[in-house]
Amino acid sequence: MGDTVYVVNPNSTVAVTEGIDRACAPLRLAGGPKIECLTLAEGPPGIQTQRDVDGVVAPLLRLVGELEPKAAAFVIACFSDPGLHSAREATKRPVLGIMESGILTALTLGQRFGVIAILPGSIPRHLRTIGGMGLSERLAGERAVGLNVTELADEAKTLDRMIRVAKELRDEDGANVLVMGCAGMAQYRDRVERAAGIPVVEPTQAAVSMAIGRVRLGW
Amino acid sequence: MGDTVYVVNPNSTVAVTEGIDRACAPLRLAGGPKIECLTLAEGPPGIQTQRDVDGVVAPLLRLVGELEPKAAAFVIACFSDPGLHSAREATKRPVLGIMESGILTALTLGQRFGVIAILPGSIPRHLRTIGGMGLSERLAGERAVGLNVTELADEAKTLDRMIRVAKELRDEDGANVLVMGCAGMAQYRDRVERAAGIPVVEPTQAAVSMAIGRVRLGW
Amino acid sequence: MGDTVYVVNPNSTVAVTEGIDRACAPLRLAGGPKIECLTLAEGPPGIQTQRDVDGVVAPLLRLVGELEPKAAAFVIACFSDPGLHSAREATKRPVLGIMESGILTALTLGQRFGVIAILPGSIPRHLRTIGGMGLSERLAGERAVGLNVTELADEAKTLDRMIRVAKELRDEDGANVLVMGCAGMAQYRDRVERAAGIPVVEPTQAAVSMAIGRVRLGW
Amino acid sequence: MGDTVYVVNPNSTVAVTEGIDRACAPLRLAGGPKIECLTLAEGPPGIQTQRDVDGVVAPLLRLVGELEPKAAAFVIACFSDPGLHSAREATKRPVLGIMESGILTALTLGQRFGVIAILPGSIPRHLRTIGGMGLSERLAGERAVGLNVTELADEAKTLDRMIRVAKELRDEDGANVLVMGCAGMAQYRDRVERAAGIPVVEPTQAAVSMAIGRVRLGW
Amino acid sequence: MGDTVYVVNPNSTVAVTEGIDRACAPLRLAGGPKIECLTLAEGPPGIQTQRDVDGVVAPLLRLVGELEPKAAAFVIACFSDPGLHSAREATKRPVLGIMESGILTALTLGQRFGVIAILPGSIPRHLRTIGGMGLSERLAGERAVGLNVTELADEAKTLDRMIRVAKELRDEDGANVLVMGCAGMAQYRDRVERAAGIPVVEPTQAAVSMAIGRVRLGW
Amino acid sequence: MGDTVYVVNPNSTVAVTEGIDRACAPLRLAGGPKIECLTLAEGPPGIQTQRDVDGVVAPLLRLVGELEPKAAAFVIACFSDPGLHSAREATKRPVLGIMESGILTALTLGQRFGVIAILPGSIPRHLRTIGGMGLSERLAGERAVGLNVTELADEAKTLDRMIRVAKELRDEDGANVLVMGCAGMAQYRDRVERAAGIPVVEPTQAAVSMAIGRVRLGW
């Protein structure tokens, strides 16, 4: 078995992968597995639709296959968990998805979780997955910041909208903990948490943490 | 808008498509839409894993795109509903999946439904989808006939196993209605229903019925 | 077996039956079953309470019994599905209820459904039925237009209120699809759908569609 | 307001009413409301189908209306709770159903409840109601003794079958508490409880208890 | 077996016990069990946190042990039901908790219940318990009056806030019945009910009622 | 903040703590937090009842308070998660429970999880907690090995019974993944997993893994 946790960003935007990479820094331990973050070259610039989700599965599985000899585990770093169950069939290595891991981690931090989505159109897709996870009862709500790619480049605006959504999830929907519904935005976590006054889970960090545990335990 | 309901078998086994086609016969009405059954040439011989499911989405969407001008609606004739939600994004025409339509139709025929799967390995995947549909409370259970492709060619054996599973779902799990968890096996429906003494839903027929309604109503 | 789908309006208001009849027009196909819409003379002018619901069961069953020789299927065209399960015991013909069929059809059109009720007092009764259907997880919410019979005669006012409620279900409750929680108001469907920008299911049409499929398939 | 809790047996079998009456004896307290048990003359000999359930609502409501001036509360003593929600609309007095009260009381005695039904055909109807009560998660299972009226007259046989079903609910389905799914069989309660070693709720007693509390509290 | 229902206030505030005692008055019947209300001297002045809840279990069990010879039943009169399941293990007498009994009673009065909590911080704890009771589907919502101990001494202010919260639960969350989420405030019940126009359950009264029934029935 | 993850065995049996300590070995990384396993001296020899669970909360909280300055996180190593929510209130450090963490980790390894309990009497308590976690839909079942302390000292017998229960959970209940419902038995994990052919989660390892992640991330 390999010694590296591969964190695959299934969209082709390298800046997102770089954000993911920075978020992994505290999880790189002497004695622990290596953590390498990759960009799926064949992916779209962003994953916004079910079609995008389904479309990245084939190249993702190819990448998983290529990396397997060197891999200790895989993390799929897109909040729609594309190809999660396919990848689990395709490799014996642990495969974690950031949506699944992010939400499961949130369940240890509060009774009802809220999700901060980027786009409103992703919400029904996420609800379907949450239903398939049997977790609808714990969901307080999901709301979208509703910014497009250009607007997301404006950090002040993005933070402002995230905080607004966070407070709505807390006050209108009764969330006790929040999950960021996207990869690569870890730099906002602390500030959203401080502003909302309730825990905020960065899902890639949650997934990499779970992956490291699995690697160390060998199961 | 086109005038044809395209029923796409996403596996490449023409014999399955032929079985589907025969099952559609009673739904071909003088004044209704045409019903055409197609084989997805790019599909695997059978869809058995999540990887198979995810793998047919891209060619399926291509086919949907090509057929759209002539299409009144689409039916995806595989019990894993591959690409169902992607296809709904990709076309304005109604898209029905046989798992979804089969189960929803079963809900009008009994309080708790059982699913007759082909392979045991499909059950967790189906449960995930049923959870995403929010229908777990109505599920009595799912059990597999557990026959491989060669064995499935033996009609007497297949029927025997289907009936055995049907009775277990009824007696052990409390099912009041059954759904056949596969396409292309409509020829067994009547006999399983008579043997089990509870209604049995053939899911492709259920989906095509719902598609015709949607076509006629224009919504 | 007879050749007619009987659509029974269990209230005694003939204008409602006429609206239902018009809504069935697109479902009358050459080669398909006849569709005949009837008024239950013994019913109250409108069905507003659980008592009204329970009260129409006996005359409804009498009517079902009388029509059975000529019937291919029955549709009970009241959103409380009065007598649905009794009628299913009383006849071997398929019996569809518009609440059940309308909601099941909505599940193919969006992840979470909203219901546009007429009267606020019907909401707890509907929620009870939705719970019995095991579908509470998919329900976004139900809200009432809150107009009495006289006010419902004012088409502009009715449409305005329906649209307002539709938008609240979409924006406040997160509905992705709507079900009209009453029979005989199909004329508003298109306009509410266009105004709300999400699909709107007319439940009698949904039920008649499902009934036709069942008739054609013979199960 | 009247001073009598009317316990209405909606079937016409006086022997059942007599069994109910004996079961109420310990609840007749000095200073408490009177408890009077009545037979609904218009009811069928036994309530076995949904049609039977719906069919007794009208005479039941008439009786409720007649008794109201003397009534402090009503208990509907049939495990299908016929007319429960109609009666609640029809009178301002508290109305309790024995299914509802029996199950709610069971929830204070064990984590998962089992129901001992008389007829297998009643199970889907009961599950529908339990779903409408939102209590499916607590249900361990429901099983029927499967005896007809003649066989039920054989007390030894009935007890034997009840105990067998009770043990199956405990051992196969994981029930921690049982509810007797019928009225008028309170004489078996102690013996079934001793044999099964888990609490057994007699539902009419549970409902009358709740009714007395409501009467005393005036809400 | 003893002849007294012991209603234990697990906080040490005697004024609360006195309020509970007054609320029990209508349930004291000539032929019924005695009802005695006690203050747990070792309890904190109020139970506000999970730590408070867990902290009173040991002294509560000691008290239960001491009282057992004279006890017919026990009621734990704190809305967090501290020690409920421990006490049920520790004594053969019936033990009722006011949260459990209050909510179960509410289920007979409306389809969806709302809870009027005192402190916002209690809501996640209550939701956890409601989840463990399998009743989340019936919960409309829980909202807090948000007053501290000093403010709660101001009766006009307390009533005003309770009514405001009651109306929000009814109008924003769709509650059809309300449960007071605290002990010792029975004096507000009538006025909140009248103001909100929907039933309001006082949970200690509900629990004592259920306890009396259990005592009389001997199970 | 301290640098040690304290894993507290809330029963007083040192051999259990030693088993826990051995199970933590693979999670001790050069650059990671220290992991120290402690025995709660005040605990009972084993935690078997709700009373045992509630009884250890006070000494556990005292220990948490004492250790806090040196603590990076806490793990409560008893499958009933005693004092979990109290401890979360009592310290700002992350607190993980092995039941919660074990089950959440299992959700990444299979669609439906089974729990291997030690004693049958613990099952209702566990189901209550699983309900409070909103995870009942994912639970396949829980079954007990049913061995007492003396028998548990016989390793061959214990392994044999664990494997038998594991296979029943897989074959009778449909579990795809198993959770060991106790601390200190990690030595059986591999063998049960190999025998059952489905993943087996050792819950203390799962909790310590999650704790390390939280420590490293600082949230």
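A, B, C, D, E and F are the chain letters, set down in written order, and residue numbers restart from 1 in every chain.
Throughout what follows, a contact is a pair of C-beta atoms (placed from the backbone, for glycine too) under 8 Å apart; a residue touches a chain by one contact, two chains touch by 3 or more.
In this text the structure is predicted, and so the values were computed from the model without any measurement.
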Touching subunit C and also subunit E, the following chains: A, D
Task: Could you tell me which pair, E-F or D-F, is linked by more C-beta pairs in contact?
output: E-F
Statement: Per mean C-alpha coordinates, the chain lying farthest from subunit C is F
Field: Superposition rotation for subunit A onto subunit E, Cα-based, multiple of 5°
entry: 120
Interchain centroid distance [CA atoms averaged], subunit B/subunit E, Å: 51
Gap in Å, rounded to a whole number, between the CA centres of subunit C and subunit B: 26
- prompt: Approximately how many whole Å separate the CA-defined centres of subunit A and subunit B?
  reply: 32
Statement: Note: subunit A residues in touch with at least two other chains are 125, 128, 131, 133-134, 136-137
Query: Among all the chains shown, which pairs meet the touch rule set out at the top?
result: A-B, A-C, A-E, A-F, B-C, B-D, B-F, C-D, C-E, D-E, D-F, E-F
Field: Residues on subunit A engaged by subunit C in the complex (per definition of touch)
entry: 123-125, 127-128, 131, 136, 141
Residues on subunit D engaged by subunit F in the complex (per definition of touch): 110-112, 137, 174, 176
Statement: Per the touch rule above, subunit B residues touching subunit C in the complex are 26-27, 29-32, 96, 100-101, 104-105, 107-108, 133-138, 189, 193, 199-202, 205-206, 208-210, 212-214, 216-219
Message: For the complex, give me every residue of subunit F touching subunit E.
response: 49-51, 53-55, 57-58, 61, 83, 85-86, 88-90, 125, 128-129, 131-134, 136
